[in-house]
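Shown next, in structure tokens, is the structure this report addresses.
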């Protein structure tokens, strides 16, 4: 984690060195800073930061892709006269067990259109998800478990 | 360049915001409406805020913008979850097209019948 | 002179203590005070007779022309002597009358207070001072008449006396003020010099009417006479004092006092003389009809009061003098008679003459007192009453006003008969059952009337020395020098013949009174339409009017109160604009954008939804949306602080609504369609008015120098760039201080409302107990 | 004490007291001690203010050192100082009275802090020279009164409070709207500045409308006809100490505001505004007293009488002569003292008899002679019987009315005073004269036992009764002060000069009555709107 | 409300909200914000906590009772108004000093900011009283 | 008339940060669309039918308000409005949770 | 825009007044809320609206560079908003307690304290 903050510090230095602090200069600084850190990895020693960042980026990309995709799907359903959806409530067994994990997972599920975390069972083993397009419940379960949950746990564990 | 980004972000954002509203009006039951309201609206509004950050492109605006976006993305799902959970526990009726309900409440809803759900605190109240 | 008043007032203050420490004998002690004052008054006799100026004055409220100025002349000396002299006797008498009663101290106190007030009336030289004492006599007499306060009729007659005399007083006040304005002075002694000017003043008529109404009510003139007999509910010492020498004479005194200023005109004559005459005759007739000792005396008093007014109204030197003589004579004998009646009542516990008789043997002293006074009342030689009657007949006769003379004789015939009824019937003839257990009271009970009776005889036999005082008094009334030579025996003249005729008629009447009584009682049928009935009707109608008005105005329906406010606002705005609105409304620049209009439309739509919603939650939600949209308007027009505060507060408000009303049922439709339409119309008109007003105000908008100042000084002097915040915490921080105070109070309010539960006891101490009934009644009438 | 301190203390002291009270919330003895202590300090500071004003003429405090009209200006002229002094006296009396009569539960839930803040609002309203600031003080006062009214949460209290709150809030809304409009039209909020701008305002229509709006806003608070409904519906519901302080002070703030605005700002169209005021005054007198006659409970009767007497206060304002205005001032002084006292006495009666309903009371002239005397004095004063304070107030107004040749209002005033006497004697006869009803109610608490309790119950009543008599006997000085006040009120230029020392006064077209007009007979008629010369400045103090 | 999701989210949101509240308050003199909104957001944050856990827990978190907040806030505001009296200035006159710092440049602390702090405290206290009373009702 | 209004948009106030005409036009059209969206959300509030539906609608309105503020920030060229957006975002969440608290507490508890 | 805002203000007043004339206390309260919106908007409109010029002095300047929206009405409205919030909160609890104590929300049953 220390590298992350170091990276942010570098981006700030970059921005300051450029004379103006703006979104652009910060992002540029971050990218260059990451590069510099990666290059100097042998000096500072190995860190999970360098593995995690790509994972996080991939995760973000995945999330955004899902977001746009499912938004479009919902949009299509909304703007066209007919309703194609097949909503339902699906029980998803949870591998995540920490509070934070459950919360993040549930929120991510909610943020993607088409699915909505309704409730967590009292024993925290099951997440009840309302999905708009339930072709079969198992398919939904599977996509959540192998989609968000797996990637999320991979990222934070 | 930044103008174009701004315009694009604005168009996307506003489109999604409108989409959310249309969804909220069009969808047949609470749960499906919520899909529209929480996600499309958050995405859309997030885009407009991002457009602001791009437009002004200074550190303070950016900070605030990121703060607001972060906050929106943090709170929207929690709020949606809370509403959905409460509605679900209150047995707010589901659309007739609902294909499956694996929740433990499903059974008791069936027992109670739809009327008891409907009658709660004047949910039929509309304008006269 | 102020000392006299103060001494009496101090004595009044001490009276309860005296009664507690000395008991009923304290009357003698207290009587020393008025007696002493009387002596002091007598000391001024030479000065007064020589028309020297005896006066004293202290400024009270100069800007209101109120100066406590006292002045002693013949008239006031005469009255002062009566007030203090009879007052002293009454105090002694009262001690005996209420012996052992714990209220005695209070009675003495009230009597002394009244005495001071009455003395003040007759001594006052300033119109307003006179009025002040005048009102004080009304109030103290209220307390005196209602002395037996546990009896309802006592309270009622006290109220009646107060309303009639107090009402008269309220007419008197503007009358006196007008007089003061017209005469450019409020000192009576000054006004004497401006009589012509006053009588030609435009206000002369109104002021005369007002002043005379004040005097008439006080002196029980027709048609205000009815309060006096009812006032007999008071204990007798009070009647003896109030209705012989003092209270009822105040009106007479006032008319006499103002005669030189206001008198001598045709208006004066026509307003006073007929009323006085009517009162005179009416009193005499009604006296014959009465059977209660005190009632008879009361009506007789009314008759004499009428006579006095008549004489003052006629207003020649002779009649004025006659009035004074009659006044003194009446005070002496009537005081004695009342005390006698009280002694009888005290002894026999009975005042009905039909049930009284043969008291002579058991109450010889009282009988003697009665005879002494009765002879004077009947106007028989050698009493002062005789002189009075002679002077009266002579004065009226010399005016050659036959109707007045005839009326005088007739009324006197009645009075002679009444004297018989009062002084002969109870004491002579067969002893009644009631009389048998009676025995004479102590000397304090029969002494004072005897003293008064003897005084009447003495004055009758030796009127000479008294004449000069009467002359001084007449001079004061007439406003010019009058010489009076009173003699007991004038020789045989027309007046004497009339006197004999009167006596004869009186005796005849007394003899045949039972026959007459039937005739008079037949008039009872008309009593409900008489003045007393009118008074009761008036009282009842005013009360009814009050109840009716209040039931209409204070009807308990909040929405009518609101309707009244809204209606008034709309009405007054349009009235103030005076229909010239159109000329003011310049065409406004037509400058708006779609989203602004849509946002405004959203506000209106949410308002409509809030109004039409069937559930409170939807209504509250719509209210919230309206608030959010208002916040949006604030954003669009450059008010970020407002927008964020509005948003936050709106959210909080809706949240509080939800928390508080979670248990409320949904709206019911309580009003009829008609009502709703009416209210909607009113609301729309009101809203339209506000719109118009706003547009109107904006067309006359001037430049805003204040705001320019804020913008210019915000950064350099207040070190803040957010001008709105700088206004809040610096330029107008006092507003904000008040505002956080409001918040704090609201917090206390919410906290106490939610946490402080009233004790379980049903029906609180403060709210009325018939709430339950009211609310059930309320639910019964769901008209609207 | 400098003038600047004297002017702010009546506002700052109650707030400081309240803050301390809030911090010492849990302790009932502390609440009582601090509450009474704060009231005493307020009274002292009010007296100091009066002393300063009497010596120095108009005191002006530019709050925050921002010059008028930009900052908020506090102005203490004679009227303000008198009102503040009376408020101090009332709160002192009521605080002492409340020691015994207010139960511990109410003390525990903020009675004393609320009284302090009520006074803060009242004093603020009396002292401010800024229209919006006046609104704020009104709200402080109002919400404090709301809470005091409901404190205890009894059924009647809640019912009365709903009407009280609603109608007063409506009037606040009207007030606020009027402020918005007046700001739109003139661009200022400072009353002196407004007076200056309205004088030469091009559009008379809008000035009249504003006058009407303020008339309705203040008239509601003052409980004039036909806006008084909230008062009789609520004033009898809270504990007596609360009723008493409401009766004494709240409506008077409305009257004060009417006097302030209609002598300073809205004097350009006297024929319209002040004739209307006169009509309202008459109707208020009459409807109020008739309302009182229809009642059969002490505090309800007294409540309606408040309405009626507001009419008298307005009468002087409407007549707009120095003498009549002095009458209003005198009447206010008299009324505040007497009406508060009558409520306090009513409270003792309720303690004795367990109720205020006339039918169920009685016999107190025998069993409580001191109380009877005190009541009789106050009641007669209210009815305008000499030589008590009410007589002089009435006399001044009637002289003013006759001088102004407004005979109808004089007749109304006299008739109403007879009816007032009627209903006072009704209370007297029923409560004091009439024998006590057969069985005494169990709720009656009777006389307090300890000496200090008796003092706290009777002391304030005695104090105020002394004032009633004292004002009467000292009517000369009081009248002199009232006249000086009236003259100062009519001298708008002096007020404007004091607040805005650098302003150039335009030729005053109207309004400024000749402040040195003789008060001789028929000399003080209302100056004709066009003919009046510019009034000489200064010289307002005799 | 025993939602694990909400409870977890609150852990992150609460500091954020409180920080925003302080931020709004401190920047209020120069930018939109100030004692009012700051106080309202602070009390909103605490209300959120009260609803998520319990009013008692929220009271514990605040540590001082809302009553003390109100009282001291009023005293603070009043005191900042009375302070200038000791310098011979009228009530509520702003007293300013200039502090030059290396990092932030010239700063102008003054009594109006204390006044605003008083407002902040009162608003927070009052809103908390509203919410706690209703929650505990 | 609509064209008039749009023309008016193009000559908008001089912003603090110079906003290009195209951005301004987009922003203004965006405002219109956002208010339209507000209206639709309001419609849901009115239609209900259940209480949670209304809560959703209110929440959506608040969210859209954030967008409205952001866009108007662009339109006026004054970034200061973003502070308002922040407050709205923060507080709308508090409000929504308040409703949820009420919802789970139940109306007839 | 003045006209539109003025009409809106009038509409809000009308709605508020209509609601206050109802028999239900809760409607009364909502009416009060509407009225407070109306009053705020009235002051805002009356003060004169101007698009977007926030009354904030740009950093580094001593005075605004151009005409700004009138800050005084804004400050007044801020005060008014907070005051009406306080009052509304109190009124709300008052009405809640009244409904609870009296068991009705019908104003026509609340007449015991009048004559």
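Lettered A, B, C, D, E, F and G in written order, each chain numbered from 1.
Note that contacts are C-beta pairs under 8 Å (C-beta built on N, C-alpha and C of every residue); 3 or more make two chains touch, one makes a residue touch a chain.
Please read these numbers as outputs of a predicted model, since none were measured by experiment.
S.K.: Taking contacts as defined above, which has more of them, E-F or E-G?
M.R.: More contacting C-beta pairs are found at E-F.
S.K.: Using only Cα atoms to place each chain's centre, name the chain farthest from subunit E.
M.R.: C
S.K.: Could you tell me which chain lies farthest from subunit A when each chain's centre is the average position of its Cα atoms?
M.R.: Of all chains, C has its centre farthest from that of subunit A.
S.K.: Mind having a look at which chain is the central one, using mean CA positions?
M.R.: Going by the distance between chain centres and the overall C-alpha centre, it is D.
S.K.: Distance-wise, how many Å sit between the C-alpha centres of subunit B and subunit G, to the nearest whole number?
M.R.: 30
S.K.: With centres defined as the mean C-alpha position, give me the subunit B-subunit F separation in Å.
M.R.: 14
S.K.: Compute the distance, rounded to whole Å, between the mean C-alpha positions of subunit F and subunit G.
M.R.: 21
S.K.: Do you know which subunit D residues sit against two or more other chains?
M.R.: Residues 15, 18, 22, 63-64, 132, 136, 139, 143, 146-147, 150, 153, 155-156, 159-160, 162-163, 166, 170, 177, 180-181, 184, 189, 229, 232-233, 236-237, 291, 294-295 of subunit D each touch two or more of the other chains.
S.K.: Among the residues of subunit A, which are close enough to touch at least two other chains?
M.R.: Touching at least two other chains: 106-107, 117.
S.K.: Indicate the residues of subunit F shared as contacts by at least two other chains.
M.R.: In subunit F, 34, 36, 38-39, 46, 48, 51, 57, 72, 76, 80-81, 83-84, 86-87, 90-91, 93-94, 97-100, 104, 107-108 touch at least two other chains.
S.K.: So in the complex, which bits of subunit D are touching subunit G?
M.R.: Listed in rising order, the residues of subunit D that touch subunit G are 132, 136, 139, 142-143, 146-147, 150, 153, 155-156, 158-163, 165-166, 169-170, 172-173, 176-177, 179-181, 183-184, 189, 229, 232-234, 236-237, 291, 294-295, 300.
S.K.: Show me the residue ranges of subunit B that touch subunit A in the complex, using the header's touch definition.
M.R.: 16, 19, 22-23, 26-29, 31-32, 34-36, 38-40, 42-43, 53-54, 57-59, 62, 73-74, 76-78, 80-81, 84-85, 88-89, 94-95, 97-104, 106
S.K.: Give the list of subunit C residues in touch with subunit E in this complex.
M.R.: It comes out as residues 640-641, 644-645, 648-649, 652, 656, 659-660, 717-722, 724-726, 728-730, 733-734, 736-737, 740-741, 743-744, 746-747, 750-751, 754-755.
S.K.: So in the complex, which bits of subunit F are touching subunit B?
M.R.: These residues of subunit F touch subunit B: 17, 19-20, 22-23, 26-27, 29-30, 33-34, 36-41, 43-44, 46-53, 55-57, 59-60, 63-64, 66-67, 70-71, 73-74, 79, 82-83, 85-86, 89-90, 93, 96-97, 99-100, 103-104, 106-108.
S.K.: Which positions of subunit A touch subunit E when the two form their complex?
M.R.: Touch residues, subunit A against subunit E: 99-100, 102-103, 106-107, 117, 120, 124.
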